[in-house]
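Pasting the structures in now, so scroll down.
Paired with chain B in one complex and with chain C in the other, chain A is shared by the two complexes that follow.
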Partner chain A sequence: MKLAILGAGAVGQSVADLAGEYGHEVVAISDSSGAAVDPDGIDVERTLERKAGGDPVGTDGVDDVFESDYDVLVEATPTTLGDAEPGFTHVERALEDDRHVVLANKGPVAERYDELRALEADSRGSVRFEATVGGAIPVLSTIEDATPQAVTAVRGVLNGTANFILTRMAAEGLDYEHVLAEAQDLGVAEADPTFDVDGTDAALKFVILANVLADGGFSLSDATVEGIQDIPGSALDLAAEDGRTIRLIGEATRESVRVSPRLVPENGALAVTGTRNIVQIETRHAGSLASSGRGAGGPETATAVLSDVGRLPEL
Partner chain B sequence: MKLAILGAGAVGQSVADLAGEYGHEVVAISDSSGAAVDPDGIDVERTLERKAGGDPVGTDGVDDVFESDYDVLVEATPTTLGDAEPGFTHVERALEDDRHVVLANKGPVAERYDELRALEADSRGSVRFEATVGGAIPVLSTIEDATPQAVTAVRGVLNGTANFILTRMAAEGLDYEHVLAEAQDLGVAEADPTFDVDGTDAALKFVILANVLADGGFSLSDATVEGIQDIPGSALDLAAEDGRTIRLIGEATRESVRVSPRLVPENGALAVTGTRNIVQIETRHAGSLASSGRGAGGPETATAVLSDVGRLPEL
Partner chain C sequence: MVDDPEQTVGESAESDENEPETDGGVRAYTVRLELVDEPGELLRALDPISNNGGNLLSIHHERGNKTPRGHIPVEVDLESPPDRLDDIVGALRDAGVNVIQAGADHYGEEISVVLVGQLVRNDLSNTLSRIETEVGAAVRDLSLTAPDGTEAISSARVRLAVDSGRSEEALETIRTIGSDKDLTVVEPLLGGETA
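Up next, the complex of A and B:
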C-alpha cells in the first residue's frame, strides 16, 4: 500500500523507516516544517536525515500530500482534545477522497468517535486505530477478533510514564517529585508531563476502548479520572507491608470509563514494572485474556500502525 | 458464513452452540456416530441434546457433509500424529472444492504443514488454525499481524494439564502420581494423560508455531521433547528455596523446537498457575509481547475457531 504520513515525530519517522520491511511504500510525509511528496516513493533515509539535521522534511505542502496518489493516510500528528483538530479534518479529508486512514493520533477516536464512524460509513475507505491504545500490544485487534459484543470489560495499565514513576517510588522509597525528575532525565516523561501524570493519556485510551465496546457514545469528558501526582511515598510503603503496591489502573465497560491509582497485589498481573503496559480483556466465553508489552515508543507504535495497514482491504 | 463442523466433542459442540452469536449458520455437523445436514441450518439445540443423550448426531453421513453447500469446514476431530488422518484428507477435500478450512485439529498443521499450504495455494479457500495453539489466546493472529518475519521466537506454557499438575505439586508438596490422580478426577487430565504429561501436546503447538515463523519445514519428529513425569516433589521444594519453580516450557524459533521442564522465577510471567497458558512473542521492533489466558476448553477453543471464521474472505 502507498502510505501518506502526517506527522514526523517518533511515530511518523518509525513508520517511514519500517514501511519497506512490511512491503509498503511511503509516497508522502509531512509535519509543521513542510512536506515531501513523491509518487514513486520518497527517499526515506534522506528525509529522516534532513529532519534530524533540523531542516524541513521537504518543500511541498500539506495540500500536496492530500492530492498525491496514496492508499492509506497515517495520522500521526500530536493528539489534541476537544475538537481534535487538525487531526479530525485530516481524517475527514482522506475519507471523503475514499482513502483508508490509520490513526496513531488519539484525538479523533477519543473525542469525536461517532462522527468519525459516520464519515467512514459514507466512504470506501476504512478507519483503524490500533496504535492509539497500548503501543505494540494488539488490544483492539484482539477485541475485534473476539467481537466487541463478546467482551464485557477491559482493564489495565496503559500509561508507561505513570507506571515507571510508581515502580521507582516503590522500589527506591523516593518521593514523586524526585522520581518525576529522574523520568524526565531519562526521556520517559516529557518536559510537560501533565497528561501522563494526571491520568489524561490513560483516560483517552480507555475512552477509545469504551467507544469500541459500545460502538460510540464516549468522549474524554465522560471519564472519571484521577492521576498520581498526590501519592505520597508513605502510601507505597504502607501498601508494601500488605504485599501490595499502587498502579494507575483504568477500566472501560460499555457503561463507563474510569482511571485512578489503585492498590494491586505486588506480584499480580497488573503490577507491571517500568514503562511496560498491560490489558486484561474480560470475555463472555473465554474468561480473561491478558496482554502485556511495550506501550509506547516510535518503533513499537509503528508496528501497530503497520499491523493495521496489513488488515486493510484493497481499495 | 455457513459452517460444516467435523467433530462433535467439546470443541465441535461449542462451535455449533456459539456460531449464531457470531452471525454464522451451522449447515452440518458430524462425528463417528453420524452426521446432521440441513442447508437451512441444523437445529443446534436438538442436535446437542441427541448427542448428550447418547444418540447419533444424525442419520446423514460424512459424504453428505462434503456435498452440502458450506463455506467453511471446521475440522475439530481428534488430533492424530504421523499422517494426520483422517483430518488431513478432510482438509484436502474441502480445499479441492474451493472452500475455507478452520482447524482445531493440530495434526495437519503440525505434521504435514508444507503439503497443506501447497493445497491451499491451489484453492480459492484459505486455511486458518488459531484454535490449534493456545485456546482462547490469540497467538497466531498476533504473529500474523506483526508479520512472521518480524517475530524471532515464541516461548511459553501451552499445556494446561501439565501446568496444573506442577502448580499443585509445588503448592501442596504432593508427588506427581497423587496430583495426576487429582487432575483426572477434576477432568483436567484425561484417562490417558500421556500426550499432556510427556510434552507431546505442547510440542505439537510449538511445531505449529515454528512452521508459521519459518513457513514450513517442521513436524513433531523435529522437536526435542521432555515431559514432567519424572519430576520429584523434592525438585520443586529445592526450586522454591531459591525463589523459583518448575514449568513445562516450550520454545519455537525458525531453527528449532524444544519442550522441557525448566526452572522459572516463582513470581515471573512464565509461572502461570493452574491450567492457564502464556506465550511470550519476541519481536524485532517492539520487544516482547506476552499474552495469557485459558488455553483449552470447549467455549474457549470455539472462540478461536469463530475468530478465524471472522477473518476469512468471502468466497
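Up next, the complex of A and C:
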C-alpha cells in the first residue's frame, strides 16, 4: 500500500520508519510547516534527518499530500477535542476521495464517531483506528474478532503516566506532587500533564471503546471522569493494608463510560506497574480476556497503525 | 452488653472446657451459611457454634442445591443468648465460613471504600452514620490516617457489609454522600474476574 502520513511527531515518524518492513511505501509525509511528496516513494531517512535538523519535512503543502497517489491516509496529527479539527477534515477529505484512513489521532473517533462512520459508508475506503486505544496492545482487533455484540464491557488502565505516578506513590510512600515532578524529570509525564492525570486521555480511549461496542453515540462529554490529582499517599497506604492498591481504571459498556481511581487487588491483573497498560475484555462466551503492554510510544503505536494498514482491503 | 463473668470482650471461645455461662434467656436464630463443596466442611462450620455457647436446633443442608458461585447453602437454627450471637458469627468468620445472614441482619457482600478529604473537619462520625442509614450498610471496620494532622487532608478505609446484589446501589449512595461532604471516594472495582 502507498501511505500518506499526516503528522510527523513520534508516531508519524515511526510509521514512516517502519513502513518498509511491513511492505508498504511512503509517498507523502507532512508536519505542521510543510510536506514531502514523491510518487516513487519519499526517502524516509533523509526526510526524517531534515526534520531532526529543525527544518520542515519538505517544501510541498498539505494539499499536495491529498493530491498524491496514495492508498491509505495515516492521520497522526495531535489529538484535539470538541470538533476534532483539523484531523476530522483530513479524514473527510480522504474518504471523499475513496481512500482508506488509519487514525492514530483519537479526536475524530472519540468526538465525532457517528459522522465518521457516515462518511465511511459513502466511501469505497474504510476507517481503522487500532492505534488510538492502548498503543501496541491489540484491543480493537480483539473486539472485532470476538464481535462487538459479544463483548459486554472493557475495563483497564489506558494511561501510562497516571499509572506510573500511582505505582511510585504506593512504592515510595510519596505524595502526588513529588512523584509528578519525578515523572516529568524522567520524561514519563509531559510539562503539562493535565490530560493524563485528570483522566481525559484515558476517557477518550474508553469513549472510543464504547463507540465500538454500541456502534456509536458517545463523545467525551458522555463520560464520567475523575482524575488522580486528589489521591494522597496515605490513601494508597490504607489500600495496601487491605491487600489492594489504587489505579486509574476506565470502564466502557454499551451504556456508559467511566474513568476514576479505583481500589483493585494489589496482585490482580489490573494492578499493572509503571507505564504499562492493560485492557480486560469481558465477553459473553469466552469469559474475560486480558492483554497488557506498552500503551504509548512512537514505534509501539506505529506497529498498531501498520497492523491496521495490513488489514485493509485493496481499493 | 449483658454482664458476663466468664468471658471478656474479644476473647471468643478458646476451649471447650470453658463453657460460657448464660444469664437471662436464650433466643432462637437462623444463621445462613454458604459452604464450599468439600468433605468435612459442614462439621467445620458447626464447631464454632457449639464452642461459643450456641445450641443447635436443626440443620437444613441440601447438597444438590448450589448457589451461583457453586457453594452449598446451609440453614442452621440455633438457640443462644442474644449477646452471644455476634461471637458465634465472628467465630464462624474466623474459621473461614461464609455467613450470609444471622438473625435479622443480612451480610451479603462486603465492600471497602477509601475516603479522602477533610474527613475530621467534615465530621467523620456523621459521614459514617449517613453511610449506615442512607446506604443501609453496616460499618465493619474503619482505618484512618492523617499524616499531616487532623486539620489536613486525611484518608480513611471503610469496610462495609451490604445486602447481596446491592453493592452498586450502595456505592452510588456513597458517591452522593462524598460529593455532599466534598470528599473523594475511591470505590472498589466490582464485576469482572479480578474484582
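Details
In this text, the second predicted complex is superposed on the first by the 315 of 315 C-alpha atoms of A that agree within 3 Å, B and C clash if a C-alpha of one lies under 4 Å from a C-alpha of the other, contacts with A are read in each partner's own complex, and residues count from 1 in each chain.
The criterion applied here is as follows: contacts are C-beta pairs under 8 Å (C-beta built on N, C-alpha and C of every residue); 3 or more make two chains touch, one makes a residue touch a chain.
In this text, all values refer to a predicted model and were calculated from it rather than measured experimentally.
Of the two partner chains, neither chain B nor chain C is touched by A:Arg124. Contacts of A:Glu300 after superposition: chain B is touched, whereas chain C is not reached. In the superposed pair of complexes, A:Thr142 makes contact with chain B only, with no contact to chain C.
When the two complexes are overlaid on their common chain A, residue A:Gly310 makes contact with chain B while staying clear of chain C. Applying the stated contact rule after C-alpha superposition, one finds that A:Glu282 touches chain C and leaves chain B untouched. In the superposition on chain A, A:Arg46 makes contact with neither chain B nor chain C.
In the superposed model, A:Ser292 makes contact with chain B only, not with chain C. By the touch criterion stated above, A:Arg155 is placed in contact with chain C alone, chain B being left untouched. According to the touch criterion, the shared surface of chain A, contacted by chain B in one complex and chain C in the other, consists of residues 269, 287-288. Residue ranges of chain B in contact with chain A, taken from their complex: 14, 18, 21-22, 135-138, 141-142, 145-147, 149-150, 267, 269, 283, 285-294, 297, 299-300, 302-303, 306-307, 310-311. Of all the residues in chain C, the ones that touch chain A in their complex are 112-114, 116-117, 143, 145-147, 153-157, 159, 184, 186-189, 191-195. Residues of chain A touching chain C in their complex: 153, 155, 226, 230-235, 237-239, 241-242, 244, 246, 249, 251, 260-265, 268-270, 280, 282, 287-288.
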